[in-house]
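Look for subunit A in each of the two complexes below; its partner is subunit B in the first and subunit C in the second.
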Partner chain A sequence: MNSAIGKLYPSTKFCFILLVIIASIFTPGHWFQYAMFPLFAVLSLFSGTFVKYLKAYLSSILLIVVLIFAVQVFIVRYDDTTPIWAFIGFSQTGLTASLGITSRIAAICAAIMWFFQVTSTKDMVYAMERANFPKKMTFVIISTIQMVPQMSALSATILDAQRSRGIETEGSLMTRMKAFVPMLGPLVLSLIQQTEERALALQSRAFLFKARKTSLYQIDKRPVDTVIQIVCLAAFVAYVVWMVIA
Partner chain B sequence: MTSISLKHVSYRYPLDTNNVIDDMSFDIEQGRTYALIGANDSGKTTVCNIIRGFIPRFYRGDLTGSVEIDGKPVTDFDDAQLTTMIGYSFQNPFTQMSGVKDNVREEIAYALENLGVPRDEMIERVDAMIELLHLEALADKNPFELSGGQKQRVALAAVLVTDPGIVILDEPTSQLDPKGTEDIFDIVELLKSQGKTVILVEHKIDLIARYCDQVLLLDGGRLVMNGPVHEVLTDPAVLDHGGQLPQVARYYLERNRRFGRHDPIPLTVEEAAAQERKGR
Partner chain C sequence: MKRGIRYDFSLLALLLIPVGVSMSVVGYQLSTILKFPIFIDQIGTVFVSMIGGPWVGLVTGLMGNVVNGMLNPVSFAYAFVSMIIGLVSGFLSRWKWYTNIFGTIAACFVLNECSATVAAVVTIFVFGGVTGAGSDLVTAAFLAAGGALVQSVLSTNLITGMAAMIIDVGVSWIILRRLPDRFLVKLNYGMPYVRNRKALA
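Entry: the complex of A and B
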């Protein structure tokens, strides 16, 4: 987040990926879309998140894309499917369809994944609040992310407590499944009880007050943000004109 | 000048058949420190919730009688007004963290943000609160990485930053070690010196004897004793209603009973020492 890209205002980065996503969906063919992954890989290099980006992308999106590709080309039956072996066949129509679907998935996921890696949740929520998004919505987003480690710690404590009461939590799949219920019950009940207390604590801090929320934390839009947003807008208009003419 | 007034207040939670609070009446005067004591389920937290306006706003149920703050029904105040008038600190330090701030400074500022306080003023008030409660070393830490006592101090700072005239502390030390407890009661002493009205729900009777002006004893949803701390906490009848007496008071009461003495009953070790010195 300390790179030049990381310091851009969240809505600036969002404008950029929105442009990419729209162009990826509506541009015919698949080469433009497949080119988005290397583009964002290069951008992640400049934002200092290259390794993280590659790891996340290749371990998730690549698998999904390859799976969809294989299913569309070799398993789904089209009129021109040529059988190869058993249920496996090859279809040119399937190939064209899968290139279209997988290229768009790859492009959209590349953009979104990059965005979340170069934009901290805090910055994102700040920008959403400045843009008058509902307070409850921004609260849900940020509290969900912040609370995950706390909930993990709580479930670990409950697991230890149940182990100390003689419940087996390690071993075969059946043993672990049996341990699931005695762990889930206290966890859910604890969360419900904590939710009530937290709701009261929030209410005692004027959470429901309908004033425009101010913020101690502040990030400012810089001239470069304005320039990039204008360029994105201009590119979008040019793209629409080009699509209409073409 | 009366700050809070409850008159013939009764309350029953939704789906409950019995009243949790039954025909309770008392006045809270401005600038004094009150202790609410009693056994578990005697209705202490419910009384606090009623004063703060959580009942009936958050918890529905059946509330009868009148609850007034500075002469106005508590239901006439909106959320923002109640936040700035009454600070409320809960028992569990963990659930008092908002869950949306990654450092103590912003955690303290959270209520001010919700109230729309301008940023410059917010910075000033947060810095002042950090200095007042000696939280400088914690200011940039994640609230969830703090100890229980530290979290409770941060929670109190987050409540006090709105400068409420009334502060309700619901068992603030129940999950704290002795050092954490001492820190919290130092804050109670500070609030007293600032002339704030403090309502403290506590089981640590020895500390109540030291810091509070008045004691209200609840038993089964009823107010059974209400008086100056020295009057209530030297009365053996407290024990019949699920309450406790300070150790020093119990010692002197037992000594008087066994040896037929009629010595005054001190509440604290210091009072006892002074009494003994005078006696010699």
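Entry: the complex of A and C
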């Protein structure tokens, strides 16, 4: 988040990926969409998240794309399927369909993953509050994103504690299933107890008060943000005009 | 206690949403660690919708998928499945289906049907029928046997979803029985599960 791109205002980056996603969905063919991943890889190089981006993208998207490709081309029956062996057949419409689907998935996932890697949660929530999103919505988003890693760590502790008290976690399926409730139960009950205390703490800090709060953490829209947003808007209008004409 | 979309999002209900999302994430991690053949990833949504109602359950399902989607954007598409599970389960809780064992079993069937249908629609329209999960092998088997794409994906989801849904609803119900009365009375939808009925009268 320390690069020049990381310091941009979140809505600027959001406008950009929105433009990319809309263009990916509606542009016919598949070359534009497949080019999106290299584009975002280059952008992630400039924003200092190159290795993280590549690792995250390839580990999640590659498998899905290959599988969709294989199933659509070889297994689904279309009108022009020519059988090759047993139930595997090659289909030209399947090939075009799979190229279309996989290219769009690759492009949209590339854009979304890049956005979440270059925008910190704090910035996103601050931008949402400035844009007058309902306070309850921004609270839910930030508390969920913060709580999930804490709870994963807590559940690891509970897992070890229960194991040391004799809960079997290896063995037959039945044995492992009997371990599920003792693992989840203490976690949930301690969370519920914390919830009550948290509600009291928030109420004592005027959470539900209607006036606007001053934030200690500030980010501002700079001229470069306005320029990029205007360029995105112009590009979007040009794209719509081009799609309607062509 | 007034219920409805305008009254359901009290502070306590809002704080239950991260609890539900964490439960779903931890449930998924536990089922990976304990090497279950099915993934228990909706447990938080079902649990929160039982005590918080349909709209809080819907937001819990949505947030669960948003949090997962930050790492793997495929989850964004399946947010509709979690949302429908939260919504339907919340209404079933309001209609007191979860207060006895027969209603709970019937709820499993209803929830499985809804989630399988929505998941099939999403899988077919967005992903062309496969998503990279193990259940794709079942889909491929159905397709190879000559079934149409819609039926194959739907059948896959119904079968693999049923076991997961039984565990989701079952474990949520067990934990619900353990919640103290003084917490349940503060929630809009917790009244049917309060044990000390003499104190309520």
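What we mean here is this: the second predicted complex is superposed on the first by the 237 of 246 C-alpha atoms of A that agree within 3 Å, B and C clash if a C-alpha of one lies under 4 Å from a C-alpha of the other, contacts with A are read in each partner's own complex, and residues count from 1 in each chain.
Methods note: a residue touches a chain if its C-beta (ideal position, glycine included) is under 8 Å from a C-beta of that chain, and two chains touch if they have at least 3 such contacts.
Small disclaimer: the values here were computed from a predicted structure and weren't measured.
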* Partner, of subunit C and subunit B, that touches more residues belonging to subunit A -> C
* Asked: Where does A:K52 make contact in the superposed view: on subunit B (first), on subunit C (second), on both, or on neither?
  -> neither
* Taking the superposition as given, does A:L187 touch the first partner, subunit B, the second, subunit C, both, or neither? -> second
* To do: Report for A:T169: first if it touches subunit B alone, second if subunit C alone, otherwise both or neither.
  => second
* To do: Quick one: classify A:A211 as touching subunit B (first), subunit C (second), both or neither.
  => first
* Report for A:A97: first if it touches subunit B alone, second if subunit C alone, otherwise both or neither. => second
* To do: With the two complexes superposed on chain A, say which partner A:M113 touches: subunit B (first), subunit C (second), both, or neither.
  => second
* Asked: Which partner does A:A199 reach: the first (subunit B), the second (subunit C), both, or neither?
  -> both
* Is A:R222 in contact with subunit B, with subunit C, with both, or with neither (first, second, both, neither)? -> neither
* Contact residues common to both interfaces of subunit A (with subunit B and with subunit C) -> 139, 143, 146-147, 150, 198-199, 202-203, 207-208
* Asked: Inside the complex, what are the residues of subunit C that reach subunit A?
  -> 9, 11-12, 14-19, 21-23, 25-27, 29-31, 33-37, 40, 43, 47, 59, 63, 66-67, 69-74, 76, 126-132, 136, 139-140, 143-146, 149, 167, 171, 174-175, 178-179, 183
* Flag every residue of subunit B that touches subunit A in the complex, lowest number first. => 52, 54, 58, 78-80, 83, 86-88, 90, 92, 94-96, 98-100, 102, 105-106, 109-119, 122-123, 126, 144, 155, 158-159, 162
* What residues of subunit A sit close enough to touch subunit C in their complex? -> 56, 60-61, 63-64, 67-68, 71-72, 75-77, 86-87, 97-98, 101, 105, 108-109, 112-113, 116, 136, 139-141, 143-148, 150-152, 155, 159, 169, 173, 176-177, 179-181, 183-185, 187-189, 191-192, 195-196, 198-199, 202-203, 207-208
* Structure fact -> Touching subunit B in the complex, subunit A uses residues 122, 125, 139, 142-143, 146-147, 149-150, 194, 197-209, 211-218
